[in-house]
Structure formats: structure tokens, C-alpha cells
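Please find the structures below.
Shared between the two complexes below is chain A, which pairs with chain B and chain C, respectively.
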Partner chain A sequence: MDTIIIDGLSFALPLFIMAIGGIYSEKSGITNLALEGFQGFGAFIGALSAVLIANAYGTDVENLFYVALLFAMIGGMGFSVIHAVLSIKFKANQVISGVVINILALALTTFLTTQINALVFGAASDKFRLGVSERFTIEGLADIPVIGAVFTDVYPFQVIIIVIAIFAWYVLYKTRFGLHLRASGENPHSVDAAGVDVAKIRFSAVLISGLLSGLAGMCFAYSISAQFSSSIYMGYGFLAIAALIFGNWKILPTLAACLLFGFAKSGGTFISQALALPSSFTDLFMILPYVLTLLLLIFFSKSNQAPRALGEIYDKGKR
Partner chain B sequence: MSKNKKKVSLSYRLLWPIRNEKWQPITIPVFSILISFIAAAIVILLLGKNPIIAFYNLFQGAGIFPKASYAGYKSMLTDFLSLLNAMTPLIFASLAVAVALKAGLFNIGVSGQMLVSGFLATIIVGYSGLDAFIAKPLVLMIGIVAGGLMGGLVGWLKYKFNIHEVVTTIMLNYIAQYVISFFIHMYYIDPVSRQSKYITEAARLTLVDVELANLKMDISLGFILAIAIAIFIKFLMDKTVVGYEIKAVGSNRNAAKYTGIKVGKNTVLAMVISGSLAGLAGVTYYLGYFASIQPKVLSNIGFDSIAVALLGNTHPIGIIFSSFLVSIIDEGSTYMSSQAGIRQEIASVIIGLILLFSACGAYLKHKVSSLKEKEVERKDSES
Partner chain C sequence: MSDYIVEMKHITKRFPGIVANDDVSLGIKKGEIFALLGENGAGKSTLMSILSGMYEPDEGEIYIRGEKVQIKSPNHAANLNIGMVHQHFKLVDDYTITENIILGMEPISKFAGLFPYVNIRNANRTIEELSKSFGLEVDPKKKIADLTVSMQQRVEILKVLYREAEILIFDEPTAVLTPQEIDFLLGIIEGLRNSGKTIILITHKLEEIKKVADRCAVLNKGKLVDVLDVKTTSINLMAQLMVGREVSFESEKAPAQFKEEVLKVEHLTVKNEDGFEVVQDVSFTIHGGEIFAIAGVADNGQVEIADAIAGLTKASGGKIFLNGKDITHDSIRNRTETGISYIPEDRQRYGLFLDFDLSTNLGAKQYYKEPFSNKGILKSLEFEQFGSRLIDKYDIRSGQGIHTQVRSMSGGNQQKAIIAREIELQSPLMIFVQPTRGVDIGAIENIHNMIIQQRDQGKAILLVSLELDEIMNVADTIGVIYNGRLQKVASSESLTTNEVGEYMMGARHE
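For the complex of A and B:
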């Protein structure tokens, strides 16, 4: 039981922070399928800087987690500029721009990883080895039955994510900027009439999504995979998009969706292990989160409403 | 002021090849391809290699230009035929994306639909030992039906329960991937290759190692079908009521509703067509280009096809050309990396760049027309 909660949370929270990035971007009116690419590229920059710094100063890569996290956020944000420029300045189709960015991210990071490994480290390898970030347990709280598992074996990034998530919630719903952002996705003309630059708002929303995705990607790299390689493109970015659509573009319901994914995923693994079935049966339990989502959507998505101006290119002259 | 004028006319002159609006659907993609090759050339130069030779190697590997030497039973023709073989699933998949896009739907689940239809065809026909004359059409039929049903499900869920097609297709991709991996591991695994067991030659849509004129070539039967289907889709979309209604729903759902077009029916129909095309991509991929299925892996074609469809302006004939180009880069990359010593991965970077620049097509179009207006104004003020 405890492992379900521990593993579920450590998967759900990075997914959640990525989905929040998606919400920012989509609420501002920019369709964002590029989360997958952002998280991969962010994780690449983070891993690269960690490996390079470790190499230069002779420190252990595992201790550079926070440095990597910082660079991953910068990297994700930097890469998201492409999506922002393409879909806002160049008025490209946002869906297509997103897909292209995913393809480019996979291609670029795979190429650069092998190239840099060969040039800097003289090794023929397609990954950067990172190790797993250390975990901590809060004594006392961890002894509470059931809920105690929440405070057991916590990755530091989970705390960071929760803090950022609360801040992101506050900004989106309680500040002027958040109001302008949400209005840009519903009725950009009125935002413009109020004297606010729609393009600027949307640009920053996309950058925020890149930053948060980079953070999420680095968390995945330091926990689940313990390395950076093309295996980072497991489709978690798309899962985050599914979560935010499931959550009807609102932060709290999206959290519920992410937790559902996380617990269904760890629960499936747990059941197949508990029943001591052959390993191929694990695959069968892995579909649990996805089947659950589809079933729940049948009941809950009648009232789902995307932001009204989502995906539309903002044209000042158009009425 | 005069400096500004000069600047306008300079960029206007630079853009001269894409000024003619009638030719823009062709000139703009060509322009983006050129720019991306220039960008790739800069990357290759930075690596200290000669880009011209690298690109030439790329085309040599794909069978467009002759190589310096060939292994036994191989020639430029065999290379070219394997190019067509690799290109076939990509054409089908891109057509699938294009048809859905015309209806305003985004089929991100092409790879899942490919996998399901490929798997069903494999277990029903691939191991059956049926005669080639029955097996091959049957494989195609299963591909069409399985893919169509899966696409139809997505359309139906969208129309009936308002479930966003992007979510459904992503979920179905995962479900298909895991369930099929389970069945392959349980019943159809080849212990040596860790893939599903190879299908019989009779069921395969590519004739492998056909000996002709002292050459061993792979002949893709699906390729001819792909061209025929592309022409058929063009006809269906441009000349029939079905196509007209699908496009009407895609361009404005509400307007279509008011004119009496059944939005629900057309949503499902478009997804059925899109799914069947994805199914054809699946059978030509798993029972043509390959003869087995690797468990727990979705093919990249499903995602690449989205971009290839765009590069071809979602036009069936354009898609043939864009698939051709992307396949050349993909197929030729192995030979390029062995000859020029450049990493094979650069090929996908080039493809990514091409797609990136072609996504800016609308902006170029906009830029050109605004420059044109300025130019006209300038001439007016001068005279």
C-alpha cells in the first residue's frame, strides 16, 4: 500500500507541474502539444550541464541535482521560444508547430548526446548517466497510518513542485497577469481593447510552460530513468496534455487527474508484483491508467469546454 | 527614408521566387527545404566535414545517384526499390493525418492504429499459411477494417461524449502498445530476436529478394496501391459530396450544421477513413517493410506523418512528394554516415529542420503579400 502512494506521487507530481505549464499556455490561447519536446530538451540541457560540471570539478553527478534542475528550467524555457515565435510571431499553425518541435527535440538531443559524448568524454554512448536523487523521510509524520506514506521516501523535487504549483495557482487565478492571461484565451480582442499586449501575454505563457516542462523532464530523468537518453520521450508530455484536458483546463481538477494516473500506474505495478505473475502480465496492468481515463471521460467530458480562442491566431484587424 | 525604401526592395527581391501566389503551394515548401539544407550544411561544416559530399552520399544511399561500388546482387535500382518500400507506409500514414485534418480533427493515434491493424493481420493471416493470392488481399482488408474501426471509435467518442480526439488517441496508443506487447510476449515471441515470430512470405506485402537480371530486389506491392489511393483520396475530397461535407465540417462546424450537414456523421466518417488509411500504413509497415512486430514500441511514422502531411500542404499529391523527400533522407543516412563519417542522427535533425521551416510557410506568405503591397505603394509614390 505504501509503495503505491510513494511511487504514485513521485510520478504524478512532475506530470502535474508539466500540465500546469500546459494550462498556462492553453489558457492564453496557444495550443501546446510541444510539452513532450520541452521536457526532453530541458532534461537534456540539465543533464548536460550536470555532467559537464561534474567532469570539470570532479564532483559526483548525483550531488548536482539542484544545478541540473535550474539548467533544465532554463533549457526548457529556451526551447519553448521556438514555439512562441512560430505560433505568435510567425502565425504558424500551433498544432503543427508543436508536433514539429517534438520531432526536432528528439532528433537534436539524440544527435547532440552522442556527439558530445564522443567529443568531450571520448565514449561511444547515447546517454548521460545521472543516478537517482536522494530521498528523505519526515520522522513522526511518516508514522501516521496510510497518510504517513506521503511523508516517506520523498524526493526533494516533490517539495519544490508543490511550492511552485501553489505559486502558479495563485498567479493564474489571483493576479492581474493571470486575469489577462485567461482573458487572452477567451476573448483576445477585449484584452487588446483594455490596452494589454496579447502577443506579450501569450509569449510569456508559452515560456512558462517551457520552464515548468523542463523542470518536470529533469525530475523524470533523476528518478524513473536515472539517466538522460532518448528514453525520456516516453510520451509523458502527451499524458500531461491528456490530464489537463481531463481536468477541464483548471489546475485543481488537473491535479486529481495526475494523481489518478500516478496511483493507477503504481497500483498496476503493485498488483502484478503482489500476484507474482510472469513479467509479461505487467504490461496488462500498465493499461490501467489509460482505460480508467477513457471510462471516466465518458462520464465527465460532456461539460468540458476548451478556452474559446484556443488555437486561433490573434489578428488585430479581425472581428 | 531612402534607406528604408532600399531595404524593402532588397528583401522583396530576395523573395522573388515565391512571389507568384499561384505557385506558392509548391514554391514555399521548396523554399523551406532549401533553407533547411543550408542550415544543415552549416552544422556539417561546423563538424569539419564537407556538406556537398555529405548530401551527395545521402542521395547515393537512397538510390537516386549511383554509389562508387555495390555488394553482390545490389545496384542503384535495388536501393531505389528499398526506398519505395520504406516510403509506402509513410504515404498512407500521412494521408491518414491529412484526411482527419481536413475534417478539423487531429489524429495523433496513427501509430496506435497502425500497430493494431498490423498485429491483427499478423496473427490472423501472417501465420496461417494461406496461399499468396488469398493472403495478400486479406491482409489489406484486415488493415482497412481494423484501422477503420479504431478510427471510428475515436470519432464516435468525440461526437457522442465530447471527448477530445487528442486524448482518446493518446490513451488508445498506450493501450494498444501494452496489450499487444502482452500478447506477443505470451504467444508469438521469437526467443532469439525478442520480436514476434516472422510471418510467412505469402502474407508479406513486399516481395523480398526477388532475383531478376542478377539482382536481388525488394518489390513493394503496397507502393502502387499507395499512389492509387492518394489519387483516389484527392478525387474523394475534391469531387464528391462526401469530401465536400467533411471539408465543410472541418472549416466551420457551426456553419456546416446550419446548412444541414450532419456534423456527427461526418466526424465519424472522417475518422473511419483516416483510421483505414492508418491501417494500410500498419500492414505495409509490419507485414511489408518488416515481417514482425517489436513489442512495446510504437513506430515513429505515426508522428512523423503529421509533419509530412503538413509539408505536402495536406494535399494527397503533395504528400507523395514530401514522403519521398523525407524517406530519401531517412534511407540515405546510413550510407552517408559510413561514407562521410557524420553521425546518422543528423538525418533526423535535417528532417526536423525542414519541418520547422515549412511550419513558417504561412508567415512567408503573409510577408510576401505585405511586401508586395509596400512595393506597389512605393511605385505609386514615385510616379
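For the complex of A and C:
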């Protein structure tokens, strides 16, 4: 039971922060299917920095988690510039741009990982070994029955994510920037008429989604995978998109959706282990979150309300 | 140097294929209501878009309070205390009134002296006071999506006032309002003038100008015709200047020559989506050379009768005969082929492909036939030739001829295009539903003449209109509908406007 909560949370929170990135982008009016690519590319940059630094200074990669996290955020943000430029400056179709970015990220990072491994480390490998970030347990609180699991074996990034999430909520709903951002996704003409630059707002929003996705990707790499390889492209980015849609583009309901996915995933693993099934069957349980997505679609699709101008190319002239 | 708060000198603005403003010069005095009168496409909106910073003029100068300025953006215009109340509202549906008004000029407070936030509570209070002081009472916490159109317009006005505008431009503000709302709005506009604001009112409705405006500039095809003192000028003269020729408010027509029976409707019943009978047991006939008009207050079933005949809705009972053939259960295309032309009420939704060009729209009812297509392949040359011919024949005006995107055309010309297309089908029956809705005076006269011309050529005409004047003016036979039932059918000579009005209200029936 405890492991379901512990593993569920450590999966759900990175998913959540990535979904928040998606909310920023989509609330500003830019459809963002590129979260998957952002998190992968961000994690690649983070992992690469960590491995290189460890190599240069002879430190242990496991201890370079925070450095990696920082670089991953920068990497994700840098990569998201492609989506922002294509869909805002060049008014390209946002769905195509997003899909292509995902393919590009997978191909580019896989290629670069093998090349760098061969050139720098002289090893024939398609992954960067990272290890698992350290964890901590809050004594006392951890002894509370059931809820105690929340405070047991916590990754530090979970705390970071919660702090950032609260800040993201504050920016989106309480500040001038947030008011402009949400209006851009509902009716960009009104924002324009109010003398605010719609393109600038949307550009920032997409960059924020890249930054938060990079953060999420790095958390995945330092926890469940313990490495960076093409296995980071497991579709978590799409799961985050599903979560934000089920969450109706609102932060708190999105958290609920992410937790549901998290517990579905850890629950699936737990059941397959408890039943001592062969490993080919554990894969079957891994699809649980995705099956859940399909089921939830049936119930949530009706009441959903996407930002009104989502995915629409904004053209000043058209009324 | 002058007592003008706004002066525009020799303004010229060109768009591809059209000169929207041609050497226009005018001055507006502080504290007056200055009306800009002109037909659709006369250049009123362009001129004011230049003043509000949306476009820059190709030639000419603007002086605000005697100082020469170049207005580069709406923001810049706002800094000069110029604000525009747009015809198409620019509001965020999901936001409250306050949030919409303060957008771009939010009051900021600091939370714990550190985190800046938008102080909605203060803003709510400010907006409430502002709205009260101008008699525009609104509840600042309500969402736009829950407001009526006229309330949304108040929000647009408040938005401009919040930005401390001294010069307010209203772009066709009454186009979307009911008569009562129009009266209220005109009252507000007068109130604003009395509190020292300068008002520019863009409109093509003469009665409104007569009611509130002090002076009025008339534009025609981009040129300034005259600036008039409203009190000493008659409505007729204004109309004449606006259209560029004399306008008769009554159409001339020869006595009707009835021919054979074309349309016969027997005991027609139509149900709406809820299963409610909106048309009950309606029977009438129309002959060639006859204009049969259905008069009635909106939503009494008249549109459903027209739709049932054209095939857009199913008749749940009764029969419809066209030239003796039972078409009650025919498809729409079969009916068109048998001989129905249809000019729908909502021309933009049902009458046109707004994003297609004019020639495609003109050929849209015949595209599947020779010579427009051959074995399923469209022949663009035929469309273009056909389009060019119709543009000449029916005087359809547009920026780029047959290649004009229909969306960019004025309402009157859009309607002319539809009527041209439908007349060219040479159908023995033509159905007009609200043919002059939202169309300016010159075009209304034009459309009435076209209808009468078709009658004189022996067509049977079904006219559905909410405008009683139009019906009295054009119809040969009048059927009055109330609550889905025809109350009275009689020749138009035998009825007075008052009688028709009484039947329409259900106060009289046979």
C-alpha cells in the first residue's frame, strides 16, 4: 500500500509540473503537443551536462542532480523556442509543429547520445547513466498510518515541484501577466485592443512550458529510469496533455488527474509484482494509465471547455 | 487657431482596388455629437479607424487640439484621449466585466509588500462608481458570457471611459440593438455629450442622426459630400446626399398581371425541434406575376413556411405543389431544379461561402451542371465569365471583381450577389426572406425594384418580411400570420397598414 502512494506521487508530480507548462501554453492560445519532445530534450541537456561535469571534476553523477535540473530547464526552454517561433512568428499549424518537434527530439537526442558516448567517453552506449536522486523521510509525520507514506522516501524534486506549482498558480491567476495570458487564449483581439502584445505573451507562455517540461523530464530520468536514453519518450508528455484536458485547463483539477495516473501506474506495478507475474505481463499492467485515459475521455469530454482561441492563428486584420 | 478638437485634413487611404478615403477634410468641435453618415463601404469606418490608430493614412494630416499628430496605434490614440466603441465587441467572454475593462491598465497592489497582484477588489469598486456616474449601471462581477448584447456594449463604452477618453467614436452602435435599447443608448450618448465629451457617431440610420446629432458629415464612395447642420436639414436631403441620387421611399409599380398558379400550399404543418407546431394548417396559392407577402411579428412561423417550401425543414403535414407537381418530399436540389430560388434570411450563414471568391459564390447553385463542370471537373473559366457578366448586369460592387473574397464585401452587395445568383436560375418561384435586413437605404430601393421586376417578368414571388412598410410597399397579396396560423389573406389594396398590424398582433382574426 505504501509503495503505491510513494511511487505514485513521485511519478504524478513531474507529470503535474509538465501539465502546468502545457496549461500556460494552451491558456495563451497555443496548442502544445510538443511537451513530450521538450521533456526529452531538456532531460538530454541536463543529463549531458551532469555526465560531462562528473567526467571533468571526477564527481559522482548522482550528486549532480540539481545542476542537471537547472540545465534541463534551460534545455527544455531552448528547445521550445522552435515551437514558439514556428507557431507564433511564422503562424505555422501548431499541431504539425508539435508532432514534428517530438519526432525531432527523439531522433536528435538518440543520435547525439550515441555519438557523444563514442567520442567523449569512447564507449558504445546509447544512454547516459545517472543513478537515482537521494530521498528523504520526515520523521514523525511518516509514522501516521496511510498518510505517512506521503512523507516517506520523498525525492527533493517533489518539494521543488510543489513550490513551483504554487508560484505558477499565483502568476496565472493573480498577476497582470496571467490576466493577459488567459485573455490571449480566449480572445486575442481584446488583448490587442487593450494595447498588449499578444505575440510576446504567447511566446513567453510556450517558453515556460518548455522550461517546466525540461524540469519534469529530468525528474523522470533521475528517478524511474535512473538514466537518460530513448526510453524517456514513453508518452509521459502526452499523458500530461491528457491530464490538463481532464483538468479542464485548471491547475487543481489537473493535479487530481495526475495523481490518478500516478496511482494507476504504481498500482499496476504493485499488482503485477504481488501476483509474481513474469515480466512480459508487467508490461501489460504498465498500460493501465493509458487505458484509464481512454475511459476518462468518455466521461470528461462533454463538460470540457478549452480556451476559445486555442490553436487559432492570430491575425490582427481579421475581425 | 481653431475651435476644433479634431481636424483631419486631406486624408486619403487606399486599399487594394479601392480608395476608401479620398481627400477627406473635416473638423469636429469639442462637446458636440458629430455624425458620419454614409452607405456601407462609403469609407466612414476607415476614416475613424485612422483616427483611432488602427490604420495610418496614405496622405493627409491630423490635428488633435490644434497639434499635429501621427496616430500610430490604438494605444497612442488612447493617450490622446481618443477611444473607439467597436461594432464587433472585443471582449473576453470568460472574464468578468471588471477584468475586461481593466485589461491592459490593471491596478496593481503588493501582497506582503513583495508579490504584485492585480487588485480586482479595488477595480470592482472603481468600475462600479464609473458606471454609476455615467448612468450605465452594470454589475462589475458578472461574466461577459452572461450578458445581453446591449450590456456588452455598455462594457465597451466603460472600457473607453476607463481610459479617460474625451473623444468617443461609436461605430454603428445601434446595429445590434432593439428599439428600446437604441433609445437608451442614444440617451447615454447625449449624456456623455452634456458632460463635455466629444462624440463621433458612425451610422447609416438617418432617424438616429436626426434625434441626437448636432452636425453630420456625409460620405459617398470615399469622398466627403457635405457637412450639414442636422437641425436645419431634412431626412430626405440627407438620404439623397448619402446615396448620391434621389431616393424614393415608395416603389413604383404597375398593376399586377396574375398568370397561372405556380405554388400551392395545402394544410401545411411544420414542427420545430421540440415537436411544437410552429406552422399550423396553412394554405395559400401564388400565381405567376404575383408578390405574395407574409406579414407577421418575428417568430410566428413565417420563416418556417419559407423553409418548408424550400426544403430546409420538413413539413410534418400538408402538401406543397409547384407547377402542379407534388414536391412535399423532394430533396432540396430537386426543388431547385423544379424551380425554386431562395434568398435566405441569414445571408452570411446560409446564402454565401464567405471565404470563397465572388465568382464561385455566384455559380454556387449551378456548379454541378454544364457548362460549369464537365464529368465532375469544375471549369474555372466558365465561373469567371458567368461572374463577370452578373457583376455588370446587377451592379455588384466589390474591391477586386470576381476574385473578391465575399467576406470583405458590404452587406448590400452581398445581398445583391445572392439575388443575382437566384434570379439567374430562372425559377418560376422566388422566395425572399427578409431581403433588406441590415442593408442601407440605397440598396433597399434597389432590391425592391429587382423584386418587382421579377414579378413583371411573370415570376411568382413569396416575400417574408418583418418590415410592415416594405410589405405594404411591395406586395400584391398579403397573408398575415400569427402564432403559426394565417389570419387573413387579401389583396394589398384592400388592407390598411393598421388592419394588417391588428391581424399581426392577433387582435383581429377571421
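Everything below uses one rule, namely that the second predicted complex is superposed on the first by the 308 of 319 C-alpha atoms of A that agree within 3 Å, B and C clash if a C-alpha of one lies under 4 Å from a C-alpha of the other, contacts with A are read in each partner's own complex, and residues count from 1 in each chain.
Quick note on the criterion: contacts are C-beta pairs under 8 Å (C-beta built on N, C-alpha and C of every residue); 3 or more make two chains touch, one makes a residue touch a chain.
All values derive from a computational prediction rather than experimental measurement.
When both complexes are overlaid on chain A, chain B and chain C end up sitting side by side without clashing.
In the overlay built on the shared chain, the residue A:59 is in contact with neither chain B nor chain C. Put simply, more of the residues of chain A are touched by B, taking chain B and chain C as the two choices. Applying the stated contact rule after C-alpha superposition, one finds that A:193 touches chain C and leaves chain B untouched.
In the superposition on chain A, A:86 makes contact with chain B only, while chain C stays out of contact range. By the touch criterion defined above, A:273 lies against neither chain B nor chain C after alignment on the C-alpha atoms of chain A. In the superposed model, chain B and chain C sit 70 degrees apart as seen from the Cα centre of chain A, a figure rounded to the nearest 10.
After superposing both complexes on chain A, the closest C-alpha pair between chain B and chain C lies 6 Å apart. If you check the complex, the residues on chain C that touch chain A are 73-75, 78, 86, 88, 90-95, 99-100, 103-106, 108, 111, 115-118.
Interface residues of chain B facing chain A in the complex, by the touch rule stated above, are 47, 106, 108, 157, 161-164, 166-168, 170-175, 178-179, 181-182, 185-186, 296, 303-304, 306-307, 310, 343, 345-346, 348-349, 351-353, 355-356, 359-363, 366. Within the complex, the chain A residues that touch chain B are 33, 82, 86, 89-93, 95-97, 99-104, 106-108, 110-111, 114-115, 235, 238-239, 241-242, 245-246, 280-281, 283-284, 286-287, 290-291, 293-294, 297-298, 301-302, 304, 306. Taken in their complex, chain A has these residues touching chain C: 170, 174-176, 179-180, 182-183, 186-187, 189-196, 308, 319.
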